[in-house]
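In the two complexes that follow, chain A is the common piece, with chain B as its partner first and chain C second.
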Partner chain A sequence: MTPLWPVAVITFKEGIRNRAVYGISLFALMMMAVNLLISDMIMQEVGKVSVDIALSSISFLGLLLVLFVGINLLAKDLDKRTIYMVLARPISRGEYIIGKFLGMVLLIVVTMSILCMFAVASIFLVKMRYSGYFPRFSWPMIFLSISFTTLSLILLSALSFLFASFASTSFISLILTIAAYIIGHSMTDVKALVEASQSVGIQVAPFTVKLVQIAYYIFPNLSIFDIKTQAAHDLAIPMSYIFWAVSYGLVYTCIVITIASLIFRKREFP
Partner chain B sequence: MIRIEGISKEFKEGIGSKRVKAVEDLTLEVHKGEVFGFLGPNGAGKSTTIKILINLIYPDNGTCSINGKDVRDRETRRHVGYLPENPFFYDYLTAEELLWFGGKASGMSSAAIKERTDQLLTKVNLQAARKRHLRTYSKGMVQRAGLALALVHDPEVAIFDEPMSGLDPIGRKMVGDLIMELKGQGKTVFFSSHILSDIERFCDRVGIIVGGKLRVVDRVDSLLSGGTTLEDIFLEEVEKAGGGATV
Partner chain C sequence: MRRALPVVLLMLLLPFHILGLQAVTREWKSLPKGDDIAYVIPSPILKVTSLEFKGLTSDVMFLRALVFFGGLLERGNIQETKKWEWRWIHDTLNASTDLDPYFYDPYYFGEAQLTWGANMIKEANTLLDKGSKYRDWDWMLPFFIGFNHFYFLQENDKASEYLMTASKRPGGSSMFASLATRLAYKGQRTENAIVFVEEMLKEEKNESVREEFETRLEALKGILLLERAVIVYKDRFGIAPFSLKDLITAGIFAKLPEDPYGGEFYIALDGSIKTTSDLRLMK
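Showing the complex of A and B:
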């Protein structure tokens, strides 16, 4: 048996039993109730608002999972030296990182599936009460949006592993991961803004343009996984877009985890 | 068999460039089937040497091998059981799951793990607490769970860093019995301690390390043959090294 699996299993168990996961689930339950309440208060576009609230909620809760449970899973290993019990086995540092990451992926997928059930239940209840407000609605788009969010969280988690592979404290990993999340979601807009300004005659320093363009290609473009608006309005997404987005997410994740394990190989645990 | 050849290790102290020598040109051999005690005051370099043996840190110079294999080869650790000083484990795992991990990661079958888990948890007196999360364990219980984890894959070489630390007299006796049992099975045991009586009781040979340098390596019986005590020898070595360490 490859040593990755036992590491993944204990990582998943440690993560899923964390009280923060219960907190996230409780929060999801509250969001479901809020969705029902808000739907009662607004008089138009109930369907779109309800889908938007449900999808935004699980996207936010998924982010909390990565930031506060995921980062801790690795950071605690380093801070409390629980990593000794793993590395004392015939497991290399690279395998440790990959195994740990697989456990985290499992945790994200399982938690997102639970959150997905809450989201689906809330949308379903609103749809039952106000079926007239759901003229353009499709469940596959809802599931596609949640799958894309899951993929973006996996990518973000890979980045947090990369930061933890060289950062000295979990706080630095947390700050860097939040920064990567913000940059990842706004880079497309910033690039468009910088480039569009030039086309209408507004001067932007060439250095700034170059810097933004370089950052655009280095940082992950998380905005491509955000299809909540399309899901709320049931706008079609071409198959080619899905294919490229999934490929981009998987390839980027693999590259980041490979770099993290290469850096980790040099690390010592005194 | 454990072979340490001329290892040295320096650590940076703080932000500045000041470096501290944790271990200096240490050469040592522990024979198969031997119980070897690694004695030294706090900060002498015992844990650093052990961590180099487990490949948790890399030496600046020198090499280490266990059973003829370089410790940098992960396969070496398939036959090594390690108990860290003040072990910490995952809060939400149970002792049973901890041993499952240790067994699986060492390539054991599920049936073998189950049998060995029953055996070991009985031995370390954790049978009743086997399904409890480790976060609810007392310090002594964590130490005992760590011992069970170190031995789950029936290693040929056991390396314990301060195995008696945090244990009550019953726990200490249990660890002593375990060490003697391993010796009876022909296993090699290398353990560090600064408790002289433990070394006297269990070890065939002892190495005294002070200030990162190995000062004495000898059989315990020959060291004590002239009527001197291990405490006298230890304090003399600390004195020679210019340290005022307390035992």
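Showing the complex of A and C:
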């Protein structure tokens, strides 16, 4: 276990030094301004809209982090051949991948905490101004939603590691990760549409239904972690849902990272 | 000289850029084309394409409707708004609430503008029905629907149904309950009204409100009794009683029930039982 930690720390430092992180912080500041501006235009549920804006921009910024910082962390080692130096040390390839991933997880958690502070500040400012227009509002739900987003980003990052473990360039892993993200967020809707196709008046072959159902187990279901609507309206989320969602996220992440390290072990470097 | 050349070139190009953009914008406006805003992307498509940003997309759709309506106001007389423009506002609000059915503002805006402005009562009610279904803690939406049924559509039965729903929700005023029973009474739904008032009585802790409910309940029970007696009379004699006195002559009643509001029961022209107090305390 010992070689994991240094790799993780180096990865984290490398990530935090990336200029993209500054860009993300700048965007977060803009989000605060936009939040104040838009809330002026809302008649009744100012609270809902400001929570929407804050949580959505956090998700978006987290996505940018995974796509443009995360993928490069692994790909750069491969592209620039610095991986030879690492693998020459007494560390297995599997440990290398897991260490890198832990560093990325650390980076995601730290960045999301910073973004969370920005979000809280922006919601707080709007709430001070329109305190009477926050009929259904709860801070715990907002924090729960941000934690769920963090978990979904960790899952997506694990997938990007899986793609990077076999893709020849970082561009291919980028495209595959974006595809996984889109599939992950539309999977539930597509499955519901295919399974109840009669209600919207379309014909779907039974084979397609089976295919989608199988795909549902293979591809990640990221919409499980999207509880922004519930957070914005303070709708109840049962403890059992939280438990199963978190376990799904952790188990899926572990499976993906295990497969990634298996593939990476067999990979031949030029 | 060489170094100054790019600067001079920029200086020359800049006025041309501004001039050109202004001209082409002017020309673009007069290009023959359809109303580019006249359609709304169907919500199933919006749902899939907005990924995890459904709430935000819902907000944006609502703001679009609001800005569009602002444009109509600026144009002047709101009466001159075309049918497709109202329809567009309705479709946009509908899409916004498909993405986030818990969002209150589109319903609120729809109730204000689609009814009074556009006269699209049925559409407004369908929209509000969706909101009432999801926002089951909110008495405002069923109250709006009840009002629309009562005021615009003159459907008292429906109105009373929705007012009953509204009065049962947290924060709903007990005034709705009395309003609902009045409408129910006029809409010949006496039994429903009785059940409703009994239900409200169970929940109510305020003594003066309880008293009011009990009076209303007594009056409604009197009406129900008379309605049933009229049916018995019809069964026996094959014709409807001419007045309530006929019920006593026929031996169905020894004494007519009293209206606790101080009025007198009578048989209205349509055959239903009414009272001169109209279920309001007579002073």
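Just so we're on the same page, the second predicted complex is superposed on the first by the 264 of 270 C-alpha atoms of A that agree within 3 Å, B and C clash if a C-alpha of one lies under 4 Å from a C-alpha of the other, contacts with A are read in each partner's own complex, and residues count from 1 in each chain.
As a working rule, a residue touches a chain if its C-beta (ideal position, glycine included) is under 8 Å from a C-beta of that chain, and two chains touch if they have at least 3 such contacts.
None of the values given here were measured: they were computed from a predicted structure.
J.: With chain A superposed, do chain B and chain C clash or fit?
T.: Overlaying the two structures gives chain B and chain C room side by side.
J.: Give one of first, second, both or neither to describe whether A:Ser240 is in contact with chain B, with chain C, with both, or with none.
T.: After superposing on A, A:Ser240 lies clear of both chain B and chain C.
J.: First (chain B), second (chain C), both or neither: which does A:Lys48 touch?
T.: After superposition on chain A, A:Lys48 lies in contact with chain C alone.
J.: Mind computing the angle chain B to chain A to chain C from the CA centres, in steps of 10 degrees?
T.: 170
J.: Once chain A of both complexes is superposed, is A:Val9 in touch with chain B (first), chain C (second), both, or neither?
T.: first
J.: Give one of first, second, both or neither to describe whether A:Ile91 is in contact with chain B, with chain C, with both, or with none.
T.: Only chain B; A:Ile91 stays clear of chain C.
J.: Which partner chains sit in contact with A:Ser168 here, chain B, chain C, both or neither? Use first/second/both/neither.
T.: In the superposition, A:Ser168 contacts neither chain B nor chain C.
J.: Report for A:Gln203: first if it touches chain B alone, second if chain C alone, otherwise both or neither.
T.: Touch partners of A:Gln203: none, neither chain B nor chain C.
J.: Is A:Ile182 contacted by the first partner chain B, the second partner chain C, both or neither?
T.: second
J.: Between chain B and chain C, what is the tightest CA to CA spacing in Å in the combined model?
T.: 31
J.: Which stretch or stretches of chain A touch chain C in the complex?
T.: Touch residues, chain A against chain C: 38, 41-45, 48-49, 52-53, 55-56, 59-60, 181-182, 185-186, 189-190, 193, 200, 222-223, 226, 228-229, 232-233, 235.
J.: Using the touch rule from the top, collect the residues of chain B that touch chain A in their complex.
T.: 11, 48, 51, 54-58, 74-78, 80, 82, 84, 87-93, 97-98, 100-102, 104-107, 133, 146, 149-150
J.: In their shared complex, at which residues does chain C touch chain A?
T.: The touching residues are 44, 47-48, 51-56, 58-59, 63, 66, 100, 102-105, 108-109.
J.: For the complex, give me every residue of chain A touching chain B.
T.: 1, 3, 5-7, 9-10, 13-14, 17-18, 80-82, 84-92, 268-270
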